[in-house]
Each structure stands twice: as C-alpha cells, then as structure tokens.
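You will see two complexes here that share chain A, one where it goes with chain B and one where it goes with chain C.
Right, the complex of A and B next:
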C-alpha cells in the first residue's frame, strides 16, 4: 500500500489528507463502472418501457461509482456514507460517497456472494450472523473496497451494524481512517429527533475536519428541495400501485426507488427525472388497466428487503402459476415526508426525522415493535393485501422477535400471514423448491389457489 | 466430584453447595438455583416491592434508593420455550425465549415492575412481547446509546432521571438524592467485596472454583444488597487464608461472553481440568470491576456515567472495543491464566463479532483463545467438555 497526499485550501487553512492509493481496493469499482456502462449501452435500443426504467438505473449506478473512481484517481477525498445518515449533507459538501454496506445487495455480487460468505466461516465468523454483515466484514477485511478519506457510520437499526463498524475500526488498514457514527436514539419522540439532529450537526464538523470540505446551507437547501420532489413523485407512484391490477410487481419501483433517492442520485435532477418517467409509466398502465401479470389474483406484501439475488427465481413463477403479485415490499413504501427548508433548524430536524423514521428498514426496526405494526396496517389497508409474506430473514433478529406480534396483527387485520424464514441474500439458506412448495401449500390451504 | 453420573447414566444436577458448607454460601446457592428464592420471598412477605431488570446496565441503585429490590431477570429453571415460541422464532437467542416462557407460565408474577434496556435485538423484542403478554404493572424501557461521548452520557443520564420520575409517580414515592448516594455506597460496597472474592482466584490453588464464584455473583442480583453483603462477608471470612478447592486442574482459564448465569456450565469446564479463575461476563467481572464515582455531585449523573461509560462495556458499545480487548488481556495476565474461552450464545450477533475481534487481538499478544457456542439452558455438556479438553491439550497442559 502506498499513500499520497492531497491538499485542500480552506479559509486559509491548509489541510493535508492522506489519500489511499491501493489499486485492488478500487478494482471492483472500476469493473462496475465498465459493467454498468456496458449494460446501459447494450440496452439503449430496447424500447420496452418497463425494461428501460430499470436499465436507466444502471446509468445512475455507473455515474455514482465513477464519481468514486475519479476522486480516487485524482487524489480528491471521497467518503463512505449511508442512506439514513443524511446523504444530502455530504452531497452538499461536494464529497462523492459510496455505501460500504451495499455490496451484497447489488446484483453484480451475485456470482461471488456464496463463496465470499463461505469464506467468512473460515475467517471465524459464526454462520448465524446476518449475511449482509458477514459480507460487509469480508469486503473490509479482504481490502475489496477503497479506503475513504472519512466514513459516516450507521450503527442502527440492528445489532449487526454496530459490530460491522467495530470491525472497520479494528482493521489494520482502516483503523486510522476518521469514522463518525451518529448515535441513534430508540424512540420516535421529539427529544430523540433533537438528539439525532445534534448528531448530524456534529457530523458536519467531523467531515470538515477530515476532508476540508465545507457545508454551504444554500446548496444543502437546493439538494433537499430536489430530493423533496423525488419523494413526492415516489408517493404519487405508490398511489398508482394501489390500482387493481397493480401496474408493477416485485421488479419495478420498490427498492429501486430507494436506491435512486437515497443512494445513487440523492437530490439530483437526474433522479427526479427517473421518478417522473416511473410515474408516467405507471399512469399509462393504470389507465389501460394493465397489470404486471395478465391475471392478478393474489396481492402480496413482502414484509422485508426484496431478495436482490433470487427474487427473479421466485416471483415470476408465483405470478405465472397463481397470479400472485407482490404489490408492495418493505423498501417500496416508506412514507417519506418532505423536509421543510424554510429555516436551518427545520432542515436539521427534517433530516434527522427522515434518517430515522422515514428510511426503510430503519424506520421499522430501530425502535419498539410498533414501527413494524404501523407499516403493516397502513400497507395492508392501502393496497388491499391478501397475503403478508413474512420472509423472516435469518439476520433480522429484531424482526424475528416480532413474529408473534405480526402474526396476531395480521389476524386482527383479516389478512393471511405466510411465515417463510429465508436468507434474503443467500439463496442457499433454503432451497428454492422448498420455498415454492411452501407457497403452493399455503395458497392451497387458504383456498387461494 | 459434584457432577456424579447416576446408575441410569444421566447426570445428577450440579449443586455447588456440596463443597463449601457455610450457611452464607448455601443461601447464595439457593438464590442462584431458582428465581423465587427465600430472601426474595421474605422481602415480598414484608410488603417490599420487587422490580425486575434486563440487562446489567440497568441502574440497580435507583431501585435500592426507592427501597425496592432489583432483580435481574433470568430463565433459571425453565425447561422449554413452547409458549414463548409463539412469539419468538427458533432463530432468536434462547435467553429471552426462556425468560418469556417463564413469565408466561406465571413465574414472574411477583414482579411489581420491570425495567428494560435495548441491550440487544432479542432483549428489546422481549420487552415488546412482555408488554403484550405479561401483566406487569410497571414496564419501561431505558434507551441506551451506542457510544460513550459527553452527549451520550447526558442523554443516558436524562433517561435515568426520567425513570426516576416515573418510578416516583407510579409507586407514589420520593427518591431523594441522599437515598441515591447511600444506594451508590451500598452498591460499591458489594463491588468491593466481590473484587475481594476475585482476588482469591489469583492464588495458585484458589479456595473457590469458577462455578462457585458465578453462584455468588448471580445471587448478588437476586436478593437485597444489605443481606447479600453480610453473606458475602461471611463467605470471605470462611475462604480467606485458605488454599485449594480440592479440585484438580490442568489449566487456568478465563471466560468471556454474553449472558451466562448457570454455574453448571462452568462446572462442566472445570470437570475436565480447566479451572475458571477469571471472567469478563456480565454476571461476573464486568459488573464490579469499577466503582461508581461517589465524588460526582449529582448522583443520577454518577449512575449515567458509570453504567454507560465507566464500567467495562459490552460489545454493543461501539467506541470501546479496544478498551474491552485491553480489559480482557489485563485480566488474563493479572489472574495468571493459560487461555481464554469465548462463550457465545447461538444467534448472538454481538458476541459473534466481538469474539472474532477478540481472538485476533489475543493472538497478537500470544494469548490462546477459543470460541464455543452455547444455548442458555445447559444440557448435554459432552461436546463442550471435548472441546475444552482439546483446548487444554493445545495449551500443552
């Protein structure tokens, strides 16, 4: 490993920053820039609008990755940040960022994920640890992600995330990297929002000290105003998904909206444009009475993260054989509230609230079980759900601990509850046929098939 | 040998009271072996209130100052999780499952209240499930920060102050600063006595085994502190100046890990020649290694600072991993150990990764470290014993 140094002049202060130059750590990102770019170019001529909307995502991912590679090559600081720790702030500070934790969730990891997870057992990690965390640890310990100039940690909503960040601090290459973790409160009361808003303010000084970048509040306001537009469009889109038949299934919208608004195109007009197209696409289908499958019979709510690696092997079969459509998933409908940008304080409060209580997974899991119940009730009613599919991801210990609460809530709501127990990342945890069998028996027993 | 094999081949229950015959120790054994022990029953019969808590970061001193008995909730005596498994899954830690099961069977009806912290994903869901299923009249959760900076200490101190006020209003009592200061003194006295007991383990041939020490430590979380301190003093008088527990051992071991309140598990380790002389457990070394600072003017702040930042932390505290590794290494050396056993409960993400880091930290210092998995209720110790034996052999002992 070698290091060079970049100098940032800021208020007459000269800050020397070590910039990691470790080729293997950036190699995967370089590869992704090429692959996402190729993917985007190769589908440029395909007209199918459903296909196009997903293909355009490839461009947003490519651009986000490229911003890191460029910064790396030019010796400019880049950071690691997260969707729930106000990514609007680092964007406004002009700091390219990537999310360390995203590796196992992007389809390009699919081919190697199994081997990587197996390797973590040899490293000494128990197989009962969430695969997302195991994979994150693997990436850090094996030097497969570029060392950022600074990192904003994400030590909620589960036990795994704080442990991942401790491994980061423990790793010999990462230990001296400045790391700031906004500390999470537990409840959703005004005191907790104040507490987290204060943590986010501290984050700005931290980033300034670590990278020399400054925060221009006007720029931040501009970015938030743009992100507000994205969220409003997302809401419009989610309204359209309530139609019978629902215009889209598991593969469009959903977590992809989250990826655009919170990860790859935070507060950027490109992202807003993407949302605009998505809304238009859904509007057209609703107008024509078209659904994601010719005959929608069973409306499902997938109450967890959509499996990035094996959803394609499951949902098309369910749609074809039973007319079962995933009309909503847990990442697809976080009721993002717009941030009031009329004052600095309202901006900080709004970002704290957005990070903690709007962002998917976090909003449900960070505090008491009510977080899950509120979403369950809202979505079951709004989308006229027939079956709540509870994947019971092996890593989600806190959600596994709500098993009885959710089952009983489904009973009260008069909706069927299917308990799967899978690993959302590692398709080997339960054989695909076993999962399909479970669906088949369930649909039959409940008189749905 | 305590753990006799009966003629039918099954193991007889380990009873640590077999060896140390003094009355004080017998009472502690009883308090550890069950939930509703005699001291607790006497307290209740005299009209005293009992408030349970999970986990060890709950401010026991606040309850003492409220003239209540703080009881650390356990699943001791539980034989199954049938009722609890309607609420938890088989991918959840067995500790909260057994606790909930016992509560659903009515074993915790004696509690007048219960205090939770969001110590881990499983415990915070125990809070939710307890709220739903168990009719405890006062249930509160104290929000626990994940770091220990000044803002976190302030936040946590406020949490304690809010709980103080809720206790006052619910039970119609007043918890004065003076009562809090006295409670802190009493709690520190307990910690000093417990450290005196730990000092005995530094001897070449300690007069007390690891299983017996755990028995004494668990008892301290289940009976009034004033009574406990008297018993502990009596026990120390009995043991100090003595050599040897009569147990033959080949290696001196340290145990680290999550919730471990069952002396039978330690006994299984000791039966195959690994005398447990030190630990970093939250029913052991971590709860008494430091005192609460009696010089801080505001006693609530003293509690907030101690429980969050000053006492040896648990893995959920993000900014203290290095300190924890140092604590472990220092204890290893101070107690002249030969190796460390990291005991991790199945499905515990915190100790899973903590042991992963600890192992490499210890290896850097050439300290042998082995991880083992366990379930909350000790049963079938054969595999554990085989692994411990192999570990001891790898130590060249």
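Right, the complex of A and C next:
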C-alpha cells in the first residue's frame, strides 16, 4: 500500500499556507493534563477493581490532552474533530484532535457546568438549545479551548449542531479557521456509504491544505487494525453485560468504551489494553456470579446518553431501593463491525459505514425511525430488559420525534416504558427528587417494586 | 432518492422470486466442490423438542458462553455472515422439514470461526405482512439452546457454540430441528419450514447476501406498512411531500427568514456601493 493522500473531487476552500495560530486558551488543557495525571498516579493504590478500571482511563485522557498541549507548545498543528467523522484519519495524519462539545461530558466540568450554562443564557442562547451545543459555544466564546489549525464540523445527527458552526464563524479568533463539514446522507444504504466515503476523502484534502499534514495509508491501516481489536473487545464485553446479574451497571462500560475507542485512544494499543482489562474483569465477575448490586431485580435500558453529571445521584439509589440496574445504554451499545483493511477502498467504505451507521446518536437519529426500532428490539431481547427508560433529553429533538413509535414498540415487545424528560447534562433541569419520584411511582404502578 | 418498495403493487407471494434465486444459488453451490448434506425431519415440534439431548430454554432466556468455553463461532462479520427468513403462500416452494448444510458441520471444526449463512424458508397459507417482524425476530431463537449463544450484533446471526453442548451432540441437524420446532410451535401461521445453512466459505455466504438485499428491502416495506396501519410513519419526511407534512409551517417560516436575510444583505451591499 502506498503512502499518499487520496485523490478526490476538489471543491473545498483551499488556502495557500497551513494555519498556525497561537493564543492563550490552552491553559485549561494544561490544567487537565496535571489533574488527570494526578488521578492516574493514584491508580496503584486503588484496590477495588471496578474503581481501578475507571481510574485507569485517566491515563488515556491525560495522554490525549497532552498531545494537544505538546503540539501547541511545539508549534505543530492540531485540530478539532468528531467521533463520527473518522477520527482514525486525523490520527493517521499525525494531527492530535479534541471534540469541541466534549467538555460537559468530562467529570472535571461538573462543578462549573451550571454557571457556564447560566452564562450562555446571558449570551442570548435559548435554554431549549441542547446543553452540549450551548456548552461548546460557551467554550469557544470564552476562549477555554485552544484554537485549532482546522476543524471538522459536525452537522449530523441533530439540527442544532450548525448553530455551533455559526458562532465559530462570528468569533473574532475562530472565524478565519478553516472548517470542513462532511455531508452525511440521510439513508442507510450502499449509495450512502459510497457518498460518505468520498466526503471523507475530501476531508483528507481539506486537512492537508489546512495543516500541511499528509495521510500515510499504511499508518491508517495500522490504526484501523488496532481499532478493530478495540471494537471486538467492546463487543465481547457487552455480551458479558447480558449475564444475570449484569457484572456492571451505569458507572462502568458504556460511555467509557465509547470515549476510549472514538475519542481518547483511537486505534492505540493503550486503549486496546484497557478494553482487554475490562473484558477480563467482567468475565471474572460473571464466573463468580457477581453483579453491580447484590440484588438485581429490574434490568433497564437507558435509551440515550448516560448522564455524566448526575447519574451518580440517581442510579445508586435505584439499585439500592429497587434492585434496578442499567444494563445497557445508547452509547454503550456496540453495533460496530470491523473494517476490512485489505484494500484502500474497503478502508474508506468501512470508515464511512462506521461513521454513518454504527456510531451512537448518528446510528439512531439520522434516517428513518427503523434504526431506533431495530436497536430497541434487539437490545430488549438480548439483555432481557424489563424497563426501557426514555430520558427524552431536551436537546434531542430528532429523537423526540420517534417517541410514539418507541412507546408503541415497547408495548409490542411487552416491556415497560418510562418517559422521563430530562436534560442529560444539566441536573438542574429537573429536580433529582422529582426524577426519583417518577421512578418510584412507575416501579410501584407496574408491580416492579 | 432511494427506490421505494410499493408493496401493494407487488405480486401476492412477495418473495417467490427470491426463493427461486435461492434454489439457483443452492444448485450452483452444489457442484461437487463442496460438502453438501441434507436431512429430512418428519417429527412434530413437540416430538422434536422432547427428543433432544440438549436443553432449549423454556424461560426464553439465552445463556452466556465465555470465550474460554467456546468450541467455535459462526458468522463473525470478518468470516462472513448472512441470515434471513423468507416466506411464501405457495406450498410447492418450501420442502417441509428439509435441512441443507453446505460446508463443514459444527463438530468437525473445533476452535474455528466459520462463515455462516442461515436462510429459513417458510410456507403458510395465512402468512402475511402482519407476521414479518415476528419472523425476523424468530430467526434468533436458536440462541435459546443452552450452549448456543447468538451474540448481540444487530442485523446478523453471529453464533457462539460451547464445548459442552457439542459434547452432547449439537450439530446443524439438531440446530435446524430446534428452529423448525420453534417456528411451527410459536407462529401459528407457519405450516412448513425448510432450512439452509452455509459454512463453506465467505464467498459462498456473500452469494446469499446478494439475495438478502432484495429480501430486506421488501421486508422493510412490509414493516413500514404495518406501522402505517397503526398510524405511524417510519419514513417521516422522506417523501418530500410538503402538502402532507406537519412541519410545513416551520419550513415556510424558515424560508421566509432566509429570503428576508438575503434581501437585507443585498440592500446592505447596494448601500455600500452607493457610499463608495
């Protein structure tokens, strides 16, 4: 396989010289490198293997952050990218990356998120705009994230995302930054894969023009081969969550597997090693019949992103009071297929399929409602779900459109359906006690408590 | 625009053409280069289930198989995988109780990751689109065999077989018998069941996948029709028919705003030119 960037239709904005901008917004990332490092240093002292596997993530987050800080300090380009736009590509081009709207999902933001969101109201943003987008806008406007050499935009799956790009185009520091948005087709068919594969090739040309970096196809193959290992281990781990009792609940697995494979350790052996440890840990627990709670009675499927900032105020109580355990969630679901790296074309097609059909939120929310239905049916069956919890996140308007269909499908499947209506990021949107009360009344009315 | 299947315009027996294609495919695979085995099952569903040396979960819960207890895997996506049910209202198209295996059997291939094709052919005079979703789900029911796990991989049958169940005698004949029994027992409209298993090669499984594409498109159309009859449109706005879309007012508003913005921009530009 030759080392080259791919030939594509050239219709992107071409700039003469790579953009290299320095500005002071790197401070927060520097701080995070230190803090994640300190957390990782404490891993050896943690005895509980469940706590330890989570704490070991600190190294992967620290390393990802450090790659940005190092690039900044050394004057090398780094970019802003997304999980569904082939992060393997930028990795293979040697471009460190971060996601612009990731901040509210990272535990270190929990304490300040409320104030930040209040500030976005003062900035004039409507409170009905998805919290993740509002947060991303806040970080750009306040200079809390470093200006990348280029950005891969994220215009799917939700309609709110372009708002972030509009803000960027009006921000005095960010407005001249090269921006490219791969265009996602609506349908899930072979034509869409061909189309999106070509969009990804355009993305390579764009990144080359914007940063000077070139794509080494051998390196890309190596990264994808490693990422294939991660996805297979994730799949293996998910099989183990089908056990009764499920080895883990809300706090391990799911979102973490997503973060490792698609954000912080894309196609890296360190990430694969973490997955290997996770599988071994779960296998041991399954063999010993150990669950996340001593008395598992109710198995729940959380049909959205797991709330990163208030889950630990809800799920431990549900487990303790009702034996209710979250055995699967939308980001924890792993429908990924491995990418065939035998030819360049199969690599592009595989990455297109992964970005369009496999990645969470995109998989469920883009295209007709069939995607939601298929996943729901299979998960309810495979994980022996008793209750489908529909968080109804205020920002996921595209999902809310399928509410009636999902409720009806749950009726057909004979599984209970709980409609919550929360903000998965901002715990203040609905009082914790109100949410707990909803669960309590629901479990009682359905004869589950 | 994606081809839309207008199910109402298709012949009564929707999949008959695909069944013919499947017969042709089996014939072409049976050219002496591959091992082909056939079984004919004449027992009733209850006789089948009572006579098995293995357990089929009555609680409808599938059992987990750990990596270290795995005898082999079937249909890992890397090895090749394709599975679908297909049905007809024409009795002559389905050989009731016939199980055809093309390729090696389970006990012959320890520690292997075999390509896997599983096609379930069904006949029932009363079979209709109302059963489409149930038939699609039922194809995963082999996972109720204690020692045979269907992995949770959407849209595919990716199986894992335990060492223990192989030592009790699980092979494709037995797997097929269980599927025949479960389909007949649990979907009353099913009168005949025939099974095809392919494990010979990824290329052979991919031949089935070509037929599966057409079957899926029709199957999806049937599911959409069933949902439409319940009052739900799975396609939402994809027909691009603004006259029937409930979001038409919002769209019109957006168009107005865009027009207004463009007019303002033009005026501003014109004003700038005048100033110069």
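The definition used in the following text is that the second predicted complex is superposed on the first by the 424 of 449 C-alpha atoms of A that agree within 3 Å, B and C clash if a C-alpha of one lies under 4 Å from a C-alpha of the other, contacts with A are read in each partner's own complex, and residues count from 1 in each chain.
One rule holds in what follows: contacts are C-beta pairs under 8 Å (C-beta built on N, C-alpha and C of every residue); 3 or more make two chains touch, one makes a residue touch a chain.
Everything quoted here is computed from the prediction, not taken from an experiment.
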Determine, for the superposed arrangement built on chain A, whether chain B and chain C clash or fit. clash
Does chain B (first) or chain C (second) touch A:378, or do both, or does neither? second
Looking at the overlay, what does A:287 touch: chain B (first), chain C (second), both, or neither? second
Touch check for A:86: first (chain B), second (chain C), both, or neither? neither
Is A:170 touching anything from chain B or chain C once the two structures are fitted on A? First, second, both or neither. first
Contacts for A:392 in the overlay, against chain B (first) and chain C (second): which applies, first, second, both or neither? first
Look at A:239 in the shared chain and tell me whether it touches chain B only, chain C only, both, or neither; answer first, second, both or neither. second
More residues of chain A in touch with chain C or with chain B? B
Counting only touches as set out at the top, which of chain B and chain C does A:337 meet: first, second, both, neither? second
Going by the contact rule set out at the top, does A:124 touch chain B (first), chain C (second), both, or neither? first
If I apply the document's touch criterion, which positions on chain A are contacted by chain B in one structure and by chain C in the other? 186-187, 191, 368-369, 401, 404-405
Touching residues on chain A, where the partner in the complex is chain C: 186-187, 189, 191, 235-236, 238-240, 242-244, 283, 286-287, 335, 337-338, 340, 368-370, 373-375, 377-379, 381-384, 401, 404-405, 408, 412
Which residues of chain B touch chain A in the complex? 86-89, 91-93, 96, 118, 120-122, 124-129, 132, 141, 143-147, 149, 151-152, 155, 158, 315-316, 318, 321, 344, 346-347, 349-350, 352-357, 359-361, 371, 373
Contact residues on chain A for chain B in the complex? 123-126, 128-130, 133, 137, 153, 155-156, 158-160, 162-167, 169-170, 181, 183-187, 191-192, 195, 198-199, 202, 368-369, 392, 394-395, 397-398, 400-405, 421
In the complex of these two chains, what residues of chain C are touching chain A? 2, 61-62, 64, 66-67, 77-78, 133, 137, 140, 149-155, 220, 223-224, 227, 230, 232, 234-236, 238
